[in-house]
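In what follows, subunit A forms one complex with subunit B and a second complex with subunit C.
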Partner chain A sequence: MSGERSKKLPWLMLVPAIAVLLVLGVFPLIYSAWLSLHSYSLLDPSRGINYVGGENFLNTLTSGHPLGISFPKSLWLTLIYLGGCLAGEVGIGLLAAMLFSGEHRRGLRSLRILMMTPMLLAPVVVGNIWRYMYQYSFGLLNFLLRTVGLPAPEWLAKPTWAMISLIMADVWEWIPFSFLVLLAAILSIPQDQWEAANIDGAGAWQRFRYIMLPWIKHAFLVIILIRGIDLIRVMDLPYVITYGGPAVSTSVLPFNAYMLGFRYFEIGHAAAYAYLMLALINVFVILFINVLRRRPENA
Partner chain B sequence: MSKKMLSWLLVGAMVGLLASFVCPIAVQGKTTLTFIGQTGPRYGFAVKGVADAYMKLNPDVDVVIESYPWEEWATKIALDVAGGGGAYDIIWIDYKFIGGYADAGYLLPLDAYLLQDSEFWQDIQSDIYDVVLGMYKYKGQWWAIPHDGNSQVFYYRQDVLDDAGVKVPTSWEEVFAVAPKIHNPPSFYAAGANLKRFWAADVWYAPFMSAGGYFWDENYVPAIDTPAGVEAAELLLKLTKFCPPDAIGWAEADLYEAMGTAGVVGMAPNQWAGNVLTNPEAAKLANKIGVALPPSFKGKRVLPMGGYGLGINTKSYYKDQAWDFIKFYTGRENQQLLVAHTGQPARISALTDPVNVAKSRYFSVLAKSLEYAIPRPVIAEFSIVENIVGVELNKMMLGEKTPAEAVRDANTEVYKVMRGRIEQSQK
Partner chain C sequence: MHKEWKNRVIRIVLVLGYVFFFAVYLFPLAWVGLTAVKPTELIMSSPPVFRFQPIFEHFIRLQTEWKFYGRVLNSLIISSGTTFISVGLGIVTAFALSRYNFRGKTFIPIWFLSNRFLPAVAVVLPLFLMFQKFRLVDTYIAVILANLIPTLPFSIWLLYGFLNDIPRELDDAARVDGCGNLMVLWKILLPIAAPSIAVTAIFAFIFSWNEFFIPLVLTRSRVVPVTVAFAGFKQQFRFDWGGMSAAAMVCLVPLFLMVTVLHKHVVRGMTLGAVKG
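== the complex of A and B ==
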């Protein structure tokens, strides 16, 4: 009897955790899937929740209504944003990691903490800081550019500049993450590899290409995976800095889902939009997990 | 103590605890009124100031104020409605949500209270413009008492106009005649406007309606794609030539900052600035800023108006107490208190009271402006409509569309939003 009891006990102990998971994870997933097949306006709840089948999905994929931008175009903007941010974060993060792992690393140790600061700030705070810096007339960036005699861009007024502005703010905020991961990867390269390269007379480029890059390749993939998922669902910076504008030039997918859900309160449509985004994130994750699985021997 | 007795005691304690959540007055002997509203000087500060005074007079009542930025506030309310309501007693409600939330049974009709307090009601009716009060009447019943009447006013830099030797323009035609004389970027931009997405639509409404336009006909068939719509869009495009180049990315707060720091001389008529620019404690240039009625267009002045009211949740346990608070808040005798806490009253007597005007000198202009105001449509879909119009106007400003194309496309999109109402009205 007591043996049977002790077998059941671990399962009983799991009940609260499973209950929380069911209530906060599984139920919302099922409920939102159900909502995505319905028309439901929170601004006019008396209209009720009406079954519309796949209409919300069809509308999302075939028309930009009422957002002013189609799903494929918004996806394209999201990919530009994602590509720009990843390139900036990984590129600058790698340079910083190489600097901090080099010969002068002891002297730079105290600066590592400072490097972390942007990542520690709330994204809304980061967004507001950059929004003010981007102001055309009195923003810090244009003040500095004018001071050195360079032309002052209309950061948030032109579609291309607005996207660049978002990417710059995001890169600034998340460089510390890629820096940390890459620094750890670089510092884990065995010292004898460097020594052997030195004996063989390898130059800086050869050391980078044939020693460092193979060793840190996996760290790149981890950064791309984690940050990629984050960037596909990023909402805070586009909301605070550009509000998806000018017009819809920075209306990335999560911003549109937000607009549908929490500005227009069209919950069914927003749920369908979010499910399509979820499908995209899953494709992205599956692709990257496959890449990670294929190359364990390189580590 | 037997096990059984202990079990009953525990059950009793749990029931008591549960009851205290459901009906706090029974346990605490004190009424707690939960108020949900918006943050900011005109709203959150004012509510707190008046609520503190109310609690001093009524020590048995606690008014708990929850204040949020507009979008968060709207989300909280929407979720409360969806969840069956009951989180809040007093609802600070945007006029455009009245219909939807009244139909959903979330708001309590105030007619019984108004009948009971006929003296207060008569006073309100005689002291608030019909057009302001009317925003809270739906299907023949009253759902809220106005917190403020919110029409547009025109802020400008008096010192710059004086230096240029020009008078304050009273029509858009005059604005464009005067603008080249004072437009001297980057020192001075003749105009400034909040042109980011739906904020752009808000600048477009006044010339659109002044030119004889309205959003739809009596059957909700959109009427944006009209000569009035195109003329207003052309006006907006012309205005952008005198604005700082990044005005397309401005919400109203950016505009106020620009007016205070970036040399904007005339601010496109706006209903949210309140005392931000004219209060010497808040704005460095306050003494140089003048306030006037918004310009007319084509010889007519029609101004869009919105506003907020105070209503009661149907699910509130303290409806009578909530009504008592609303009466106190909107009562004639407490309006100076409201203004002292940076509020903007709805009552004409308060807007023209010399003591109040001395504190907020835009009040007298606002009172006059309300005479020209008509409410933006009081329907839930308007949040979507204004975004559609704003986005299309933004596309026009970016050169992606002509004014006629922007207005035509906005009309097409708005039709899709209004299709349900159109079909209903045709039945």
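== the complex of A and C ==
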């Protein structure tokens, strides 16, 4: 490869993709930053775009008008949602992965393929399926609860139950993800590790603690970071299942940002909101990128 | 003898455990499948009815009442467009990232990846204002372009990983035979990477198909895709559960076929290569 030409050639190939992402990603971000410092209502464009400094940020962080919920309160709801979802996904996923890592997994392949579908199905579809399950009078969940003699809650009408409903739907959708990732990690543990443990007479807990856990730590981190980022970013399930309600009890951050921009048409406000979210997401993204870089050989 | 008998019992218990786990887990899908062929007057009955004469009226009503198959066509057009651009640009970009030395060789791949995590609200709001200025709101081109924000970084990153897995010795051998750099890509890497490219394309297609927020904001009526139509089943006075269930089945069946092709690569794709399945 001769000097000058081989220096230019890679850039020639990189530039189209860089250009596309600059126009579609970076420029809108800069535009957003500018908007976040201005007041701009699409409902009343005649008022124009006026510089307001940090007012949008201040208002978002304190009163939260017109949402009815301030950013810190919504952040708290989002953290509850995030914590519940991650605990359920990782907990059930790990249990399932440990079950399936035995030698009995042959012949169940078609079932496993079927099991992958929820996480690849559009979240909006998943949301609708669960809204149907949660219906008070004719929903399947309440039918089952009544059959075994338990009280049937009004899933979507009570604040706490609405949050639980959201978490359950999300956990159902994403169990396959943590299940498959953890299963891959468990199956990558070399057989001789288990044999050595057997010779040493290690009990079930010791085998879990000293052999399995170190080998699947990386997979855990990957699951928590990828899902964490998406749970803060994406509003599909809250939009479809509870629409932020009842009142504002499930108004998580991305849903509020959507409402500000496209229901109240407070563009500047929404941009400020989005930037606060972006700061939060960046923490997760930086952690994830570090995890990618430190990827162990076996993963 | 006694031990073998004990093993057999354990095995049977485990298999029953698996089947139970699957049955519980997949029950919501079965339930919605049942609703899709249930007569409307039975859907809201309590307790639920499990035995009835199946009907296919909902699948017909999807078109007559909801124009749903038109939305399917919109989704197909949008997802195909996004996939085509993502994978096409992705191959060229990934090749440059994987096979050349240039300044920023560690930073640039990660910059590409980081775009995958942009919160849609932060980006789509200004994009909406931009597209409005060019009268592009509610056009295929706007949604196809905006859907690139998550799918293009994803495709570049995944293909970059796949190309890195192909040993460089193959390139060198071809170069000795007198191939130029682009010939190496065309004659050696593309044929070897063909299955990986197919996997990337299917993922990009599914992600674009599932995208909700972007088309919710950028479409009005003409190019509304399936996901936005789904949110619409509830905006009516009465929620159409039969129609919704039938529509879910229309989405589920082709997805299931795609997953049978994809299933070996699902872990790698969904973790962006952080875990190899």
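FYI, the second predicted complex is superposed on the first by the 269 of 299 C-alpha atoms of A that agree within 3 Å, B and C clash if a C-alpha of one lies under 4 Å from a C-alpha of the other, contacts with A are read in each partner's own complex, and residues count from 1 in each chain.
The working rule: contacts are C-beta pairs under 8 Å (C-beta built on N, C-alpha and C of every residue); 3 or more make two chains touch, one makes a residue touch a chain.
Since the model is a prediction, treat every value here as computed from it, not as a measurement.
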With the two complexes superposed on chain A, say which partner A:A162 touches: subunit B (first), subunit C (second), both, or neither.
first
In the three-chain superposition, say which chain, subunit B or subunit C, touches more residues of subunit A.
C
Once the structures are superposed on A, label A:G83 by its partner contacts, choosing first (subunit B), second (subunit C), both or neither.
neither
Scan A:P66 for contacts with subunit B and subunit C and give back first, second, both or neither.
first
Which holds for A:G91: it touches subunit B only (first), subunit C only (second), both, or neither?
neither
Tell me which partner A:F138 touches in the superposition: subunit B (first), subunit C (second), both or neither.
both
Looking at the overlay, does A:W172 come into contact with subunit B only (first), subunit C only (second), both, or neither?
second
Considering only touches as defined above, state whether A:L43 meets subunit B (first), subunit C (second), both or neither.
first
For A:T242, select first, second, both or neither according to whether it touches subunit B, subunit C, the two together, or no partner.
first
Who does A:R263 touch here: subunit B (first), subunit C (second), both, or neither?
first
Set intersection of subunit A contacts, subunit C complex versus subunit B complex:
137-138, 262
How about subunit C: which of its residues touch subunit A in the complex?
11, 14-15, 17-18, 21-22, 25-29, 31-32, 35, 43-48, 89-90, 92-93, 95-97, 100-102, 108, 110, 112-115, 117-127, 129-130, 145-146, 148-149, 152-153, 156, 181, 206, 209-210, 212-213, 216-217, 226-228, 230-231, 233-234, 241, 244-245, 247-248, 251-252, 255-256, 258-260, 263, 266-267, 270-277
Taking the touch rule as given, give the residues of subunit A at its contact with subunit B in the complex, in rising order.
41-47, 65-68, 134-138, 154-159, 162, 242-249, 259, 262-266
Within their complex, subunit B touches subunit A through residues 71, 74-75, 78-79, 81-82, 97, 99-101, 103-106, 186, 196-197, 244-249, 251, 254, 257-258, 261-263, 380-381, 383-384, 387-388, 391-392, 394-395, 397-398, 400, 413, 416-417, 420
For the subunit A and subunit C complex, residues of the former touching the latter:
1, 6-7, 9-11, 13-14, 16-18, 20-21, 24-25, 27-29, 31-32, 35, 96, 99-100, 102, 104, 108, 111-125, 128-133, 137-138, 140, 143, 146-147, 172, 175, 177, 180-181, 184-185, 218-219, 222-223, 226, 229, 232-236, 239-240, 254, 257-258, 261-262, 267, 270-271, 273-275, 277-278, 281, 284-285, 288-289, 291-292, 295, 299
